[in-house]
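Below you'll find the structures, each written out as structure tokens.
Same chain, two partners: subunit A is paired with subunit B first, then with subunit C.
So, the complex of A and B:
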């Protein structure tokens, strides 16, 4: 017996999703215009406060190898780094690489599942801040025009 | 594993050669062990015996360079110890195809396959029959019955478990209808890698555990991971696919925890993807694979962190039946035998019950199927990385009938072959074109766009990472010539794009005819009608001149005959 939630939860789905983050915290953070307008991933990481991040295998990034639709690419990130306070997602070849920056208040589980828009095949990079240290990992997602298979 | 079994399978000892060239016409295959699995895949709805020419170009790059399944022609014969001129050489390679086809005849056909399945089951009590998918699409009758002819034929054949790919091009609702009604209590349709796009809930069962001679055997299903990319996404808008390694490992572990002594993956990944996956996922005893239509006589043994996995691929078009015999001792696979049996239609009596069903299915369509459109003077086939003569014919027809500068035709790997002198019937034409999105299109494209499309499709074929390949062949092009450097990466493989010998301009627009659009809402006459009109007008089809790119960096590649 396969039970799918969709038919049961249609109406109340939104409520569950919002519960993951604390909107108050988000609103409290100032909109980092410089970082979100940066044209390269290096600049965006620097401006968002993740400059010089060290590679880490404790950030688990779950993304498809090939995007089914470049306009809504699922990205799932878990940080296993203790004391994670924020987590940013970058699509390296987007015109503005910084896609999102999430802040976690005390005790919030550093887990994010979202969809991002990608212009073309590129590495999706995640940066994490824990204490005064920054970490990063990345994975290439291919965006293709499709067709012709099989 | 027994060393000898492994060596035999790999074709390393003289014994394997003797075994392989032993007469197949009586199909006596001594049973072995206590768990047997029968496997066919990618039959593409071919209920009748057909001709099918294997490719003369099937290039592997990177880690797949000149390794199975990227071996063709004489390189293939050498690797597997098959003598030229034998019926095995005819079944597995393109060598001397026209001549050999006249001697050894047609292959496949569900009535003949059924006889072989029954024969194998008689000597292998409890054996399961696994269908790797692409069963419901590829013929006129399958399209015209919405896949029902194949659903009924597969049930009668005694399929126990299946997974899918082209099945999904009938739409999500149709697939669910078959799975929930026709297959209920009979066939398990499995896919661990299909979820709802909203909550990630499973759409199909991930695996099934069946007892064979008292031994619990888990079969896990893996649907074609890139279905919504290679085929229209609007067919399955609420489902998401993908390779999904994490979920695969979890599923394997779960099946083991539930007591499975043997774990088999029924896969529609394509062989290169299966080979990579076998090295990264632990606990799978064998991957019975399809999608890439590779008829591979012996499993490739892949080592991983906790053991090893056998990887097979069982060809296409009903041409082969894979027989995997396992000796399971103390809850573990202790040895194996594998044989990929070609289905020679002349050497197997048709099963009367299946023959009856096929007759019934075809009856309402007999007149349409039999219409003679033209006679071909040359050999017509599709399979090959860059072009096939039947695709060339489709391109020629599209260019002429649409008044286009050039044409594109998708790199599908299904589609049967015709011998010189044969009549091209409507049925043959449908064998090349029977899809649920058959519209023809004409589009004004700049030289730059054309190059971008060709580069994109090339990368789906030749990306060094198998997980980034989609397993089809290169889009066929009519009139446009180019050079293709396979030592290069994305966006840098193509050069010297020319139309009728004249270099193409990046900013100039060209009128391109094509078919099989993956975007929703495309309008246009179905491709079979366009090509049928062309054939009726020509009456006689002269041998086609293949338009193929000039390849660079493939010297010594064993994927070229």
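So, the complex of A and C:
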């Protein structure tokens, strides 16, 4: 019995390791706490690596003009900039403007659709990284009922 | 696998369109509990990974401003019918979410 105890424990340990390590391996990059905690859109863009972005008409931002419910605002972005590697969405007047950052690899089109929360009427800004250059565009959305209140 | 994720992946020409819905409160940490007047702690999915046949195509970092029961859609070029799309997500409390589907 004592002889069999060691391999048994090793087996359990291995099973735990496999189970615990798997999600960590898949989610390679660390969550950018600094950028998500930034209070202004300028800081958030800087911290997320989109500082000094140049205005571009090659980013197609599809959003409603008016959002009746700020807790679900549909946002659809397509980048027509060749070599797009990532894009980030900002709601300029949210307490923390950075909403999400998307990193594209093999095969993914530079496109994303999602639903975001907006505290109040403000510009939704998208920043795109292509090579070592950054680009941006924005569009104002009128919010009738804010999405961050309690 | 739990049933917290709903996925659909469909070919549109040579591009696969993937749509995903995850059941999650996405609590901002800025709302007050009306009964107690205390802040409700933040609880939100912050990292999401999408793979095609086991290979990463999209990595996402989310903040608290992604809507409750998050929806997201993306497109994969060069995918084909029968390919497997999988989504792994984790929230700020370390809970993991997983879903997979086959492109139709």
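One rule holds for everything that comes next: the second predicted complex is superposed on the first by the 117 of 150 C-alpha atoms of A that agree within 3 Å, B and C clash if a C-alpha of one lies under 4 Å from a C-alpha of the other, contacts with A are read in each partner's own complex, and residues count from 1 in each chain.
We take it that contacts are C-beta pairs under 8 Å (C-beta built on N, C-alpha and C of every residue); 3 or more make two chains touch, one makes a residue touch a chain.
Model, not experiment: these values are computed from the prediction.
S.K.: Which partner chains sit in contact with A:146 here, subunit B, subunit C, both or neither? Use first/second/both/neither.
M.R.: Touch status of A:146: first partner only.
S.K.: If you tally the residues of subunit A touched by each partner, is the higher count for subunit B or for subunit C?
M.R.: Counting residues of subunit A touched by each partner, the higher count goes to C.
S.K.: Is A:62 touching the first partner subunit B, the second partner subunit C, both, or neither of them?
M.R.: First partner only, subunit B.
S.K.: Once chain A of both complexes is superposed, is A:132 in touch with subunit B (first), subunit C (second), both, or neither?
M.R.: So A:132 meets neither subunit B nor subunit C here.
S.K.: Please indicate which partner A:116 is in contact with in the superposed arrangement: first for subunit B, second for subunit C, both, or neither.
M.R.: After superposition on chain A, A:116 lies in contact with subunit C alone.
S.K.: Looking at A:31 after the superposition, I want to know if it touches subunit B, subunit C, both of them or none. Which is it: first, second, both, neither?
M.R.: second
S.K.: Check subunit A for residues that touch subunit B in one structure and subunit C in the other, and list them.
M.R.: Common interface on subunit A, subunit B vs subunit C: 147-150.
S.K.: Residues of subunit A touching subunit C in their complex?
M.R.: It comes out as residues 23, 26-29, 31-32, 36, 71-73, 76, 91, 94-96, 98-109, 111-118, 147-150.
S.K.: Going by the contact rule at the top, pick out the subunit B residues touching subunit A in the complex.
M.R.: 134, 165-166, 196, 198-199, 201-205, 224-226, 228-231, 233, 238, 240-243, 246, 291, 410-414, 452-453, 456-457, 459-460, 463, 465, 467-468, 470-472, 475, 490, 516-518
S.K.: Where on subunit A does subunit B make contact in their complex?
M.R.: 2-6, 9, 13, 62, 64-69, 74, 121, 142, 144-150
S.K.: Touching subunit A in the complex: which residues of subunit C?
M.R.: My answer: residues 15, 26, 28, 30-34, 40, 46-52, 55-68, 70-79, 88, 90, 96.
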